Amino acid sequence: MSIPSYLDLRQKTRARDRSLRDKVMSLEEAAALVADGDSLAIGGCTASRTPMAMIWALIRAGKRDLEVSRSIVSTEGDLLYASGVSRHIITSWFSQGIVWGVSKVMRAYTESKRARFEEWSHMAMGLRYRAGAMGVPFMPMRSMLGSGVLDRTEGAKTMECPFTGETLLLVPALNPEVAIIHVQRCDAYGNAQIDGLTFMDIDMAMAANKVILTTERIVSNEQIRRHPDQTKIGFFTVDAVVEVPFGCAPHECYGLYEPFYTHMDLYAQMTARDADTGAKAYLDRFYHEPKNWADYLSRIGMAELLDAQRRGSGIYDD
Amino acid sequence: MTTERARISLSVAPAYTGSELLAVMSARLLKDGQTVFAGVGIPLLAAILAQKTHAPGLTILFEGGVIGPFVEAGKLPPSTNEQRCSRRANMLVSITEVLLLLQRGYVDVGFMGGAQIDRFGNLNSSFIGDAENPKIRLPGTGGGNDIASLADMIVAMKHEKRRFVEKVDFITSPGFLDGGDTRAQAGLPAGGMFRVVTDLGILGFEAESRAMTVLALHPGVSAADIKANTGFELPVPDDVEVTPAPTPNELAILRELDPEQLYTA
Amino acid sequence: MSIPSYLDLRQKTRARDRSLRDKVMSLEEAAALVADGDSLAIGGCTASRTPMAMIWALIRAGKRDLEVSRSIVSTEGDLLYASGVSRHIITSWFSQGIVWGVSKVMRAYTESKRARFEEWSHMAMGLRYRAGAMGVPFMPMRSMLGSGVLDRTEGAKTMECPFTGETLLLVPALNPEVAIIHVQRCDAYGNAQIDGLTFMDIDMAMAANKVILTTERIVSNEQIRRHPDQTKIGFFTVDAVVEVPFGCAPHECYGLYEPFYTHMDLYAQMTARDADTGAKAYLDRFYHEPKNWADYLSRIGMAELLDAQRRGSGIYDD
Amino acid sequence: MTTERARISLSVAPAYTGSELLAVMSARLLKDGQTVFAGVGIPLLAAILAQKTHAPGLTILFEGGVIGPFVEAGKLPPSTNEQRCSRRANMLVSITEVLLLLQRGYVDVGFMGGAQIDRFGNLNSSFIGDAENPKIRLPGTGGGNDIASLADMIVAMKHEKRRFVEKVDFITSPGFLDGGDTRAQAGLPAGGMFRVVTDLGILGFEAESRAMTVLALHPGVSAADIKANTGFELPVPDDVEVTPAPTPNELAILRELDPEQLYTA
């Protein structure tokens, strides 16, 4: 755990082309922007707005040793472990989801020490991204103190507040090398609108040294400029834009589709008995064998997709 | 985990599940006008039940960034981060912002479940066994640590000896730490354990020592029953109250909310 | 300059009725929520979304010795000085506006030491509200260092960063006793939507111990709940809701009306020769004599109002 | 302030005002693809002029919270906080967020005017005279201090002896403080003065001492002219460049932008 010096952080930002330019590319081209060993932040939370298509592309591209961070990690964490893309995940909670019990793959990898799950409090994760977004080395906060969670993390420091004398915790800035974030729509330059829950994505985009956006739909810059107060992630932070319909499947994308629950159940079943062979079989069938993203969606199934979409758009029925 | 429970003799079979009992008893602790930071499962069910009975002005917060939602019967969310949590909410904010509401002091009650709790109300949801070589790696804190650090807490959980332990394997979410004023000394002057609701009774914490104590027993549960299912010395006052059983109305509301018994089986 | 202890801050919040309840009242009733000597934060910036009707009500109610803070202060600052409502304004910039030159009233009151203008950097103002909003005693930042501005403020402290060894400035939290904020629309509970520029208002509402919202229009809670991701200020922070059409006049309200430039010119002319008598004449004519808010608007003039509205709604012509 | 200027002899009357000259010369310093944090007045005019000539990919930020707007000809905003600033922007954020972009390092150039500047590029917009007993209380820093602390700076201002002083009455926005590495020592390792554009010439800062120096003179301005209007020792190289005069195209664009000469009188 080391914090970059301020000049190093600024140098990385300065070196980026932050101008208003077309950044549209394919999943494969975007995957090439991620180097083995990079720190990688993942947008969304649990089974919501997970940039699954980008993760799919990183796994297919055979990336290695990414230090992954996310607010809360679900099935995508299992797959990052099982594929070897990551052996170190920094998050506050890691399992498929409460209704599916404790993730067998997470357990298998962490209990055997093949992989590390570095646990911070949820707010600490958020404030670490926020410090990174603000260009300061830390944020002060008032939780995690006194807990085992604090004891097992690296880099947080307690301080006596110079104003009040109170004990505060300073959590270190997180400036991931790359952030991958999925949005409902953005323009070719990367001006993104996000409907519904934004999780930690806005701070994450500002904190990262490189941002890859996947989007359900690319819209015109004119449409963005008609409602600039709806832009949640600005073009100047974005390095790649990839259009991927149903890019979170089998997770949800707010207002468009809910989780593909039957497929989530299938995943839980496949990994229930033997985590290693189950995850490998799942990766083969849904990650390595599909010809392309449409083929991946086909394997999940058209009926599931239509059902998830019907439930997803239902949030706007009122 | 499988359930292991010291035998309890009830004179008649109850007309409700243990989870339903937990939800009803927890709901009754919530007051109208309060702001409650709730986890999914029993806490969510209990909060909605309270809204639909004695606390219509209860405001529910979810850690996904949701303030004052309306959760539809039969469409319970699988976590606090899916759109189902946000339906007809008053406001959606980022995760960081909703957790900062706890820190700013806008939340009256934090309300969650727990895997393991100890005499001083410390909660473990990270490791069973030694953290360096755990028997089970659990999912971790999520917002639990933040909620328990910054709000008055209600915890709802099954009452089993291996869950109610002398000292938790790992403090994921702080209760009163080592009791007395050790919580404040650690930098947590606000919040702390208020109540633990189990399927056997309702527990509180002594004002000075901050050790867990029994406030009430559920119908048909004896002092011996609750002691037998607790892994530490748990005082039960002689004149301990008995909680009124769940009413048909409370149970009916719960069953409408969770018809598939996702959380109340 | 003192920071409240954490327990004191929480105690004040806890004592408020934060439930979903009807808070609609009159300007006069809302003014009664402000006590002489209170610290008062004002939303908006320069001539934008200034809660002018609420300021008008505070001046008419004869409030005294409010410690006022705002991102940037325009004509309303002159009037707060001249009316005696405030003799201490904390802000980053204070004048009617660049095109009108340096404010004569601000100069007259500060140069004669009848009133204090405490200057912080713009970002420092923002981060002071943000620290207050987050429930921490300070925010770390990287400007104001080395400047005369820092020398003349009270309460900021430099620190050596425990992570990087760099010099940082810690600016103290600002938790105003009352914040007054004008919005385009909100419901009777105080769930507010803000179009366009939000300035420092969102942090300010979270930081304050009491919030008075004035609004162009009160809408139904049902309308708010259809787009909860558009709620910028939540009901739980709000203590009063007052419906006041053209509540920022002669300043602007984004998307509804631009500044009333002719009236702003009139104000500049009235205060150009003699600041004291000019401000008094202006206060008499526009603050003390009007029977009510509609009468105030009448004195500004119907033609001006229609022109400001035409220009204001023009932002949505594209 | 009234203008007091040492006499300058121009062979022919220029076809542009001093403000127009400032705007044109400043615009030429901006590069395509840069992100510029601009104040209203000359900086805004110059940035738009650059966009319309050699730098179409320039991104303009305003401290009101505006990223990449399109300002309409003839509808210049009275400050950076009115809706006119935000027309057809790419993004609107809070004031705090847009200033934090400076701190995060997303801004290439800060661009503002100034009331008073000294040898090391420190700017004063707070007090004329002693701060405790000022002759004039000026409006203050606004975002100026933050911009000057965190970005490479271009300052556009009238060249007058009482504005170009040995030491500013008050450091509102830091330049190189006392020169050398004193800026970094104060905790400002990034940014700093890059150029000062005046109606007489273009000034830079020596790499070591950080003292102001002349890089170019505008057409018809002599070394003696610029020295006579500067309140401190200002080196002018023998082979100092002369800037090309504003072109008819540049002037036409400016006049279309500000037909009422709000900022270019």
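Residue numbering begins at 1 within each chain, and the chains themselves are lettered A, B, C and D in the order written.
The rule is simple: a contact is a pair of C-beta atoms (placed from the backbone, for glycine too) under 8 Å apart; a residue touches a chain by one contact, two chains touch by 3 or more.
Since this is a predicted model, take the numbers as computed values, not measurements.
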item: Given chain A and chain B, the chains that contact each of them; value: C
item: Most distant chain from chain A, judged by the mean position of its C-alpha atoms; value: D
item: Whole-Å gap separating chain A and chain C, where each centre is the average of the chain's CA atoms; value: 38
item: For chain C paired with chain D, centre-to-centre distance based on mean C-alpha positions, whole Å; value: 29
item: Centre distance in Å when chain A and chain D are each reduced to the mean of their C-alpha atoms; value: 41
item: CA centroid of chain B to CA centroid of chain D, Å; value: 60
item: Multi-chain contact residues (two or more partners), chain A; value: 6, 135-136, 141-142, 166, 168, 196-198, 225-226, 229, 318
item: Residue numbers of chain B (touch at least two other chains); value: 66, 86, 88, 92-93, 100, 103, 189
item: Contacting chain pairs - touch in the sense defined above; value: A-B, A-C, A-D, B-C, C-D
item: Sites on chain D touched by chain A in the complex; value: 32-35, 57, 59, 66-70, 86, 88-93, 100, 103-106, 108, 189-190
item: Partner chain B, residues of chain A touching it in the complex; value: 45-48, 71-72, 91-95, 97-99, 102-103, 106-107, 110-111, 117, 119, 121-124, 126-127, 129-130, 141-149, 152, 158, 166-169, 196-203, 252, 254-255, 258-259, 261, 312, 315, 318
item: Of all residues in chain C, those that touch chain B in their complex; value: 6-7, 9-10, 13-14, 17-21, 133-136, 189, 191, 206, 221, 224-226, 228-229, 231, 234-237
item: Residues on chain B engaged by chain A in the complex (per definition of touch); value: 40-41, 63-66, 78-79, 81-84, 86-88, 92-96, 99-100, 102-103, 124, 126, 131, 134-146, 149-150, 170-174, 177, 182-183, 186-189, 262
item: Touch list for chain A against partner chain C, complex; value: 3, 5-6, 135-142, 155, 157, 159, 161-164, 166, 168, 170, 172-173, 195-198, 225-226, 229, 318
